[in-house]
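The structures come next, written out as structure tokens.
Each of the next two complexes has subunit A plus one other chain: subunit B in the first, subunit C in the second.
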Partner chain A sequence: MYEYDTFDQTLINQRVNEFRDQVKRRLSGELTEEQFRPLRLLNGLYLQLHAYMLRVAIPYGTLSSEQMRALAHVARTYDKGYGHFTTRQNIQYNWIRLEDAPDLLYDLAAAQLHGIQTSGNVIRNVTADHFAGATADELDDPRIYAELIRQWSTLHPEFSFLPRKFKIAVTGAEEDRAAVRFHDIGLILRRNGDGEIGFEVIAGGGMGRTPVVGPTIRKFLPKQHLQSYLEAILRVYNRYGRRDNIYKARIKILVRDLGTDAFTKEVEAEWEAIDKAHVDHELHEEHRVRKMFAPPAFVTSTAKEVPSQVSPPDFENWRKTNTHAHKQSGYAIVTVSLKPYGGIPGDATAEQMDLIADLAERFSFGEIRVSHEQNLILPHVEQRNLIELWTVLSKAGLGTANAGLITDIIACPGLDYCSLANARSIPVSQRISERFSALQRQHDIGELKVKISGCINACGHHHAGHIGILGVDRKGEEFYQITLGGSGAEDAEIGKIIGPGFSYDEIVDAVEQIVHVYLDLRQPGEPFLNFYRRVGAEPFKERLYARA
Partner chain B sequence: MGDGMTHVIIANDLRTGEIVYLTGEGSWTDEIAKARRFEKDTPDLESKLEEVGDGANTVVGIEAIALNGPSASETPVSLRDRIRATGPTVRPDLARPFPNA
Partner chain C sequence: MPVHDLSSQHTGLYSPKAQNGAQVGSPTETRFLDIEDLAAEINAALQPGQAIGVTIGPDTDLDRLAPFIDRLAVIAIEFSAFKDGRGFSQARILRDRFGYAGDIRAVGELLLDQVQFLIRVGFSSVDLPPHISEADVQAVVERFTVVFQAAADSRRPVQRLRQSTGEAGV
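The block that comes next holds the complex of A and B.
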């Protein structure tokens, strides 16, 4: 785990003091709302439908038990007892009082947490594979590089007024769990022919109203040049990115308009001109950071599996979906589902957060991860402890055996909370979850990623859903457009619209019809996405629109 | 605002962020039933919006919303405004009281 040095801590402490003064001046009337709004947004404080919303950055989705307890404390003390883990590996609180915000941020700062760069046209919180540092299929721990990017990008003066927000994701694994091709910059750790570690660099991906699978602009970047190459990309974007039209301001539009080759030439030329020694990290700094992400003191277990007694079937179901191969023999990565049937995806109560913190200390070296799929991860659990862990989780409503299944739905806050939304997302996810709650049926269906957004900004990643659902407002009524065949993984693809949308009352039946088509026509063992890619949209269209 | 509907003025309380409505006395209330109704097609609404906006140091996000029906228990026309009035539809435990709910 990365721990702040004096510089980091001083920076966020000073920011809290600065914001306390700004809030005081706003409440006294010395600052107008027009003057204050950008200041509160710099600290992640938005105004939403019901109240202020605070977005807290969780760098590359990594938390300690102590930090999780701080998040629980905020939920309990300053909110209504819960928080919402987001598709950006952050957490949001929906009921914050402005007058409480300085004290809240003070408490967070004590746990090395803040809301800086969770809003605005800046480099946002860097995301990473949520299995980083634990998964067996990893070349190197991406959090080391994500942390170096965090340090480089924090309050970077040249990139504090970009044309639009900017998101970077890093993975070190073969399986892309970080959706790197849907980010402004995606980085995949690679090894070259000489055995050196570096990055494949992707630029210009994104979701929103113009979804783009980002192209690779450099197949191999030596890792020591990480910051200088990122700086070159950002400079080209800062120089040529559009500022006249918010809908055309993301880097994906620039890359598309210039063309990947021309954009890459601009970046390479800029990179040539950069004083790399001045910008790139020094090796000793990489070593310092790497030490903080050193693997914990794994024990060499002789009991690699659960104790010899017969395991309950419910546990076996959970183990099948919610554990993942660990790089260390005798250990497993555990996904703690925040998707109870009929529940709100990503929501956790203060009590659940405290429990996860305790369980992380007992079973996972005090480490927790937040996934962009709105679940929590205990990355280092001894396999012999799995059944005990599952028993405790289940009693707390956290033992749902559905990771990767149809009820493990991503959903943005939608119109229930968000001032940008056109339609509700959460109740649609709840109804789908309830409809498919029979576990045997879920297992029969297999991996199926349903992702729901309440507006075209696509915070629910609907473009990357095997089944994507986009809520729209049609003459005051909620309608839902379905896309099929999207993927946020290494085979990234944008889902295609299947046809006319469905009403709020119809949408769950429509999803069920899609599943029926798949179950009726699939080949043995064929996953949903493979099936769609083989047969195309036609069988689904025939079933969905047959009545028309 | 010339849509022929009754309107009220809604905002968020500056200190707490809670939903409030403008009353006939010029204060803010969390009860929509006590909000001042602005009759359809009057310039009164525009001037009041400007007035409270200019002097706002107790509320933010001031806007007018349309209501259905003429009585004190009418509901906002848009789903967005109904949700603002009553709270998230997915958290009935956090619902705000509504006259005809």
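The block that comes next holds the complex of A and C.
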């Protein structure tokens, strides 16, 4: 895993000092809230409905056990004993007092964590495949490049006042778990005809009120030119992106308005003119970072050591959904579900965080990942230890066997916390989760991604949900629109609205009706998304609106 | 508003075409023109050796400056709002691409906290509200001692320092 050296540490320490000074000036009245706002936002501090919310960056979703304990410490000391893992592989604390924020960041800095660039119109915390470095279907470890991007983008002097926020995601795998086509820039590691490694570059994807599946603007970018090419894209965006309308300020609108070809031409011309030797990363730095992401000391040939005793059926169910093939034989990637039935998606208590930190040390080389699906990952677990791990997790309410199933719901904080929301997301998610809690039924339904957003900003990624739910305000009442057929994976697609919305009371029944249509009409072994793509919206419409 | 000289805040400007340090134009001797009138005025009005400055907007096409750029002592880039970051790219292009070595001045709506970024993209002076002192500017400039990317200034990004100190992750 990447570890800070004195340079990295110096920067975040200086950042904490800067913020401490700014908070002091705010509390003394020297700064007005209006003047303070842009400064606090640059450190991830939002003012929400009830309190300040602080968002902590977890670069490319990778955490050490020690860092997880620091997050638990913050939850316990400065919040109400829990934190909320987000769809951007970050964690948010919802009950922070302004006067505590500098101490909180000081404590985090000791664990190489911070809130820099988790809000504001800047290059946000970079995300990556949460199975990076562990999955079998990977060309190269995307975290190496994500770390180079983290450094390059940190306090970037030219791109700290962009038209709007800017999100970059990287994957090295065939299966896209990072939703790269829904980012401002998506990078897929590729090998060219000469065997060199580089990136397919996607630009102008996004969710929000104008969802766009991002187009590829370059099929192959040699990896050594990553930074100069990113600068070219960002410079074109910084200069020509719209600033007159907040809803049209993301790069996707610029790409759409110019057209992909014209946009690409601008970027290529800009890239031509850049002094690449000046801007690109140094090879020795890439080597230095790569060394830190070297595979841990796997124990070889443990495959035969799986305990011979008959394992409990509950464990088998969990193993089926919550483990994933590892590149090293004898190992598995484990998804720790943060979606207990009726719980709040992505929430974890300080005790749970500490426990996962301990378990990561015992079973996963001290490594933890946060997935954009709001679960935690133990990336390197020996298969012979799975039962023991599952037993401990289950006792702590972390053993729910639902990864990828209908109750593994993504939901934004919604009207319960967020000042932008039109409707509640969390209780809708809780009710769906309770309705479908029977595990046999969930397994029968199979992979089904439900994603819920409490407003058009789409933080719950509803556009990419197989079933997407969007909360809207209709004359002061919460209403929920359903979209079907979205996908955030390599077959990225935007879900289509099925018809008129449903009330808060009706929405769970509507979801159940949709599931019934699928169960009634699917072919053997046909997943929900394939079924929808085959039959289209009609059978669903008939069932949902027939009685009306 | 008082103009702060930023050129002493760093050891020189990075420029692939011109390695000269920046010279800050003296505001009392510099005549500012509208860019629309620049082409006509520049040759008619300018005496040999006389300094001239121009104010440009965040969206001014920089190619229009190319014919006169060697005669410009100051290019002032206007910020209509501190959130409008286009001026940062304008300065960067003037330094990196045009090799402009004269004074680039930031004017308009700016925050003190932005000064560190202004310097890095190539600004050599800034016009700030009167209540901001030279000491305030100095404090902001000295706040961060490390940088993580090459820009238009001469500061070396961390990865190049790592190389030269042979430091491989202390």
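Here is the rule we use: the second predicted complex is superposed on the first by the 543 of 548 C-alpha atoms of A that agree within 3 Å, B and C clash if a C-alpha of one lies under 4 Å from a C-alpha of the other, contacts with A are read in each partner's own complex, and residues count from 1 in each chain.
The rule we apply is simple: contacts are C-beta pairs under 8 Å (C-beta built on N, C-alpha and C of every residue); 3 or more make two chains touch, one makes a residue touch a chain.
These numbers come from a predicted model, not from an experiment.
Aligning the shared subunit A places subunit B and subunit C next to each other free of steric conflict.
Residue contacts after overlaying the shared chain place A:K320 against neither subunit B nor subunit C.
Residue contacts after overlaying the shared chain place A:Y417 against subunit B, while subunit C stays out of touching range. In the superposed model, A:Q430 makes contact with subunit B only, not with subunit C. For the three-chain arrangement built by superposition, the Cα-centre angle with subunit A at its corner and subunit B and subunit C at its ends equals 80°, in steps of 10.
Once the two complexes are overlaid on the shared chain, A:H516 sits clear of subunit B and of subunit C alike.
Ranked by how many residues of subunit A each touches, subunit B and subunit C are led by C.
In the overlay built on the shared chain, the residue A:R191 is in contact with neither subunit B nor subunit C. In the superposed model, A:I96 lies in contact with subunit B only, and not with subunit C. In the superposed pair of complexes, A:K24 makes contact with neither subunit B nor subunit C. Using the contact criterion defined above for the overlaid structures, shared-chain residue A:R474 touches neither subunit B nor subunit C, since it reaches no partner. In the composite built from the two structures, the nearest CA pair linking subunit B and subunit C is 21 Å apart. On the subunit A side of its complex with subunit C, the touching residues are 3, 5-8, 10-11, 14-15, 17-18, 38-39, 121, 151-162, 227, 235, 238-239, 243, 273-275, 278-279, 281-282, 284-285, 288, 291-292.
Within the complex, the subunit B residues that touch subunit A are 12, 14-19, 56-57, 60-61, 77-80, 83-84, 87-91, 94. Every residue of subunit C that touches subunit A in the complex is listed here, in rising order: 14, 16, 59, 82-86, 88-90, 92, 96-97, 111, 113-114, 116-121, 143-151, 158-163, 167-170. Every residue of subunit A that touches subunit B in the complex is listed here, in rising order: 26-27, 29, 33, 47, 49-52, 80, 95-99, 344, 415-417, 421, 424, 426-427, 430, 476, 478.
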